[in-house]
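The first chain written gets the first letter, and so on, giving A, B and C; residue counts start at 1 in each chain.
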Amino acid sequence: MAADLALREQAKTETRAGGPARRTGALTPYLFVLPYFVVFATFVLAPAVYGLWISLHDWDYLLPGKPFVGLDNYQALFDSNSAVFSFFWESMSATGIFTVLSVPLLLTIPLLIALLLNRRFPGRTFFRAVYFAPYVLGVAVIGVLWRFLLDPNLGAVNAILDAIGLPGDTPWTTALPWGWVTLVGVTVWWTLGFNAVIYLAGLQDIPRELYEAARIDGGGKWAEFRHVTLPGLRPVLLFVTVNTILVSANMFGQSYLITQGAPGTETRTAIMYIAQVGLADYKMGSAAAMSYLLTVGLLLISAIVFRLFREKDAS
Amino acid sequence: MNLQFSRRGLLGLGAGAGGALLLGACGDSGPNEKVTGGGQNAAPAATAYTGPNVALAFWNGFTGGDGPFMKKLVDQFNTEHPNIKVSMNTYQWADYYQKVPAAVATGNGPDVGIMHVDNVATNAARGVILPLEDLAKALNFKAEDFSPPVWNAGVYNNTRYSIPLDVHPLGFFYNKTVMEKAGLDPSKPPTTDEEYKAALEQMKAKGIQGDWVTPFEFTGSMQFQSLLWQFGGNLFDDQATKALYAEQPGVQALTWMTDHVKNGWSPKNVAQDADLVAFRNGKNAFNWNGIWTINTLKEDKNLQWGVAPLPQIGTQKAAWAGSHQFVQFKQKAKDDNKLTAGKVFINWISQHSIEWAKGGQVPARAEIRNGAEFKALPEQSAIGSQIDYLHFLPPKPGIADAMATVVTAINEAVLGRKEPAKALSDGAAKANQLLEQNAKKYGS
Amino acid sequence: MSRVKPVAWYTVLIGLSLIFIAPVVWMVLTAFKTPGEATRVPPTVFPQEPTTSAFDTLMGNDQTPVLRWFLNSVLAATGQAVLVLAIASMAAYALARMEFRGKRLIFGMIIATLFIPSFVLIIPNFLIVDRFGWLDTLWALIIPGAAGAFGVFFLRQFFLSLPRELEEAALIEGANSWQIFTKVVLPLSKPALATLAVISFLTNWNDFIWPIYVLFSPEVFTLPPGLAILQGAYTINYPVIMAGALVASIPVLLLFMVAQRYVIEGVSRSGLKG
C-alpha cells in the first residue's frame, strides 16, 4: 500500500512543473518516509481500521458469531437508558477532571526545572537524573509505593503531617477531592522529569547568539525568556502540550492502583473503563466505540492546540 | 530461539502495508477456525496412560509462595510417570486470564491449567476449555467425593468443565494480644452477633477500633457476600438473570458493615490492605480474610494470632469461598494421547492434594480433607470445617462483570457516599442490565 | 547565573531534589527489610534487621530466571530504540523539511492515530503479530511498538526548530538530501535523538500490558511480566517489589546519565558561530 501510494504520489508530483528549487528527486521524500510508513501501516493503521470495523459489531474474538450491529455501540453511549451510558460518561468526566488539573502543572513546572538545569554547574547531570528518577520506575511500582505511603489511616504521609501539627487524617485515596489531589500530585511527581528532559533537549536547539543579542539589548531575564526562549521552544512546546494532553487523557495505571476508582467509580478514568469493558468483559465492540469517541474528542482538542500555536506563528 | 526472524515474518512485514493483511484480519476467519480441531474432548478418560511419550504444558497463577508447592508435586508426578513430561508455567492470575484465551485462540494454548471456579463458565462459553464429563465418569466421581456446592459450580449448560483442586474460604482471624489487652479471652473468639458486638464495644472502651471494614473487593466484598448468605439472601437468581443482592438480606448485611464505622468499631476510609496491615501491627483484633492469609501471618514471628470459622451473624451459617479447578484447553489439533495424559495428571494431583493443602489451602477431595494429615494442619482445618456451607457464584458466563457492581455498591456505602439500600439498588439495576447483555451475548 | 550565590543555588536544588528522591530512597530501604517490617506502623526508616532475602527471592530460583529476563529486556528495549531512531528520524525529516504531495495527509494520519487509545489496538495487533509468527518471540516486543507516532511527531518538532542556515549552506555546496540529513541534521540533533532514545527505551522497558499477551514462555519474558510472578496472588510483598524495581531501574538511570552527556554536547556545537 505504501509503495503503491508513493508511486502514485510521485507520478502526481512529476506532472507538476517546477516545484521547490532543490536538488531533491521527486521520489526522495517518499523514500525517507517509506520505512516508517510500512511499520506504521501494519501495526497502527491496519489495527486502527480493524478497530473501527470491530466497533460496528458485537465483537468477541473468541466467539464464532460476531453480529453486525451498525452504529448501536455508538448510539448506546448517547442513550441514557443503556448499560454503558452513565459509567462511560462518568469515566469521561473523571478523565476530563484529571486532564484539566494535571496538564497546566505538567507544562509549567517541568519548564522551570529545565531552565534551572540548563545552567552550567558542577553536578548537573546528577541533578537531572534525580528529577528523572521517578519516571524510570514503572507505574506498577509507583502505584503500590504511593498507595502505601498515602494510606489514610496507616500511611507515612499522614503520620508526618500529624507529627508537624497538621491534620493527619486526610483520606488521600478514598474520598474526593483528595483522590484527585493524590492522582494529580503523584502523576506530576512521576512524569515531571519526562517533560523536563524534552524541554532540556529543546533548549539546546536555541542558538546561543540569540541570547547574547538579547543581553546586549538589555531587556533582563524575563524579556530574554519571552523573546528568545519561548519562541525558540515553540515547536517543542507544541509537542509537549499535545503529548501531555494525550498522556493525561490516557491515564489508567495510577487510578487503577492507587484509588482503584474509589470512591465508588468516581476516579475510574475512561481508559480504565474501556479496558474493563473490552479486555475483562470481552465486549470489544463497545470498548472500540468508546475508544473512537474519545479519539474524536482528543482530535478536536488537539486541533485547537495546533491552531493556537499556528496563530502565534503568524503574529 | 526467541530472536530468530521467521522467514514468514519477514515476508509478512514486507507485504504488511498491503491490503491483503488488513482484509485477512478483518475477515470472519478469526482465530476460532484454528481451534476447532479440539472442539470435542472425546479422548477416553483413563486412570493410566500407556501411550508414547508426551509433553504437557501446565499453566496456572500460583505466583509467590504457592508456586513451589505445586512445582514439587509436578516434579514428583514426572518422576513417577516416565512417559509424561509436565512443564509448569506460572503467571499472575490477572495476566493469566488475559493470556490464556489469546493463546488458545492462536493455537498456542497449554494442555492443562487451573481456573478459579467463577471463571469456568465464561471460558467454557468462549470455547477456551474442554468438557471433562468423561473424566468424572471414568473415575466415578460423585458430588459427595468433593462437596456438593464446589462440585456443582464446575457445571455449565449441564456439562462438566472442571475438576476441583481446592477450596479457599474466608476465615475469621483474631489477634490474641489485642484481645487480651482489651480484657477478652483470646481462646474464645466470638461466634455470634451478640458476642461479636460485645467484644467490639469492650475494645472500643479501651480505645481500640477492633474490626476495620474495608470498602474494596479484598476483602470487603467477600465479607459482604458471606453476610448476605448468612442473612438468607443471594447475589443472583439461579439462572443469573436478575440481581437479588439489593433485597432485605443484602441491606442487612451491608448495614452491619457500615454500622462498624458509625459505631466507631472501625475507622473511616480504610484503604486496600489496611485492615490486614493494621491487624499485623496490633491496631485491630478481628479480620475476615482468605485462607491465604495464614502464610502471610506466619511470617510475623512475634504475632499471637488464631483463626476460626466465620462467626454466625445472620440466621444461618455461610462463608464465601473461591476454588481452584483443573481444566483442559482446546488445541489446534486434537491429540488423544495428550488429552489422556492430561487426565491422568489431573487425577494424580487431586489424589496428592494434601501436599497442596500444606501450602495453605483446603483440599476439595473429601477423603483427603477428612484424613489425619489434613486434620494435623490446625489453621487450614479450622477454616476447612466450613466446607458444608460454602457458597459459590452461579456458573454463568460473564458473571464477573455483574460482580463488579457489588464491589462498587459496597465501596460507596462503606465510604459513606450512599446509604446501603441506595448503593445496593443502584448497583443491582446496573447488574440487571449487564446480566441481560450477557444472556444475549452468550445465549441463555 | 554567576549572580546567584552557589550556596543558595544548591540549597534550592537539593531541597527540591528531596521531594523527588525521598520516596525512591524509601523504596531502596524497603528492599532490605523483612516483609513484616516493611508494613510496620509506625514505619521504620532504616531496616532494623537488614536482610537481602528479597534479593535472594529474586535471584535464587530456577523458575524465575531474572538474569535472562534482564537480558531480554535489554535486547527488546535497545532493539526498539534503535529501530525508532532509524525510521522515525527519516520520516520526521521529510515531514519537517521537504515538500511533497500527500505530506499533509500522511502527517495527519500519523497524528490522528496518536489519539487512539492503545487498548483498542491490542487485540487486532495480537492477531496480526500471530500472522507474522512472532508470538512468544522478542520480535513482538520490538517491531509493533516502533510504529507509534510519538517518535515521528517528536523529531519533526525538533527538526522544525533547527535553524535552516546550515542545511542551506550544505545544499549550496552540492550535498544531496541524504548527505544533508546524515551529515548536518542528525549531528545537530544529538540532544533530541538522545532524548528520544531514552524515552523509547524506557517505554519498552516498563511495558507490562502488551508482553502479557504476546509472551508465553518464561525464557522469553522481559522484566515486568517476569517480576510479577514473584508476587503472591493475594498479598503484596513490598521488599520483593522494591528489590525488583531497584534491579530494573538502576541500568536505566545509568543509561540516562550517559545520554545526558549528548544533551550537554548539543549546547557547545560550533557550527553556528561566526
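Assume a residue touches a chain if its C-beta (ideal position, glycine included) is under 8 Å from a C-beta of that chain, and two chains touch if they have at least 3 such contacts.
This is a predicted model, so every value here is computed, not measured.
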Touch-based graph of the chains, sorted into line, ring, star, complete or other: complete
Which of A-C and A-B has more C-beta pairs touching across its chains: A-C
Averaged-CA centre spacing for the pair chain B and chain A, given as whole angstrom: 36
Separation of mean Cα positions, chain C and chain A [Å, integer]: 15
Residues of chain C touching at least two other chains: 39, 41, 123-124, 127-128, 143, 228, 236
Residue numbers of chain B (touch at least two other chains): 13, 16, 21, 25, 30-31, 98, 277-278, 281, 283
Junction residues of chain A - those touching two or more other chains: 37, 39, 42, 46, 50, 61, 154, 279
Chain C to chain B touching residues, read off their complex: 34-36, 39-41, 63, 72, 75, 123-124, 126-128, 130-139, 143, 212-213, 216-220, 225, 228-237
Residues of chain A touching chain C in the complex: 5, 9, 12-13, 16, 19-20, 22-24, 26, 28-30, 32-33, 35-37, 39-40, 42-48, 50-51, 54, 61, 113, 116, 119-121, 125-141, 144-146, 148-149, 154, 156, 159, 189, 193-194, 197-198, 200-202, 204-209, 232-236, 238-239, 242-243, 246, 250, 270-271, 274-275, 278-279, 284, 287-288, 291-292, 294-295, 298-299, 302
Chain B residues touching chain C - in the complex, by the definition given at the top: 1-6, 8-9, 12-13, 16, 21, 24-25, 30-31, 61-68, 71, 89-93, 95, 98-99, 102-103, 106, 108, 218, 273, 276-278, 280-281, 283, 290, 292-293, 295-296, 299-301
Contacting residues of chain B [partner chain A, same complex]: 13-14, 16-19, 21-22, 25-26, 28, 30-32, 98, 101, 104-105, 126-128, 212, 215-216, 267-272, 274, 277-278, 281, 283, 398, 400-401, 404, 408, 411-412, 415, 417-418, 430, 433-434, 436-437, 441
Touching residues (chain side chain A, partner chain B) in the complex: 1-4, 37-39, 41-42, 46, 49-50, 53, 58, 60-64, 66, 82-83, 87, 147, 151-155, 171, 173-175, 260-265, 276, 279-283
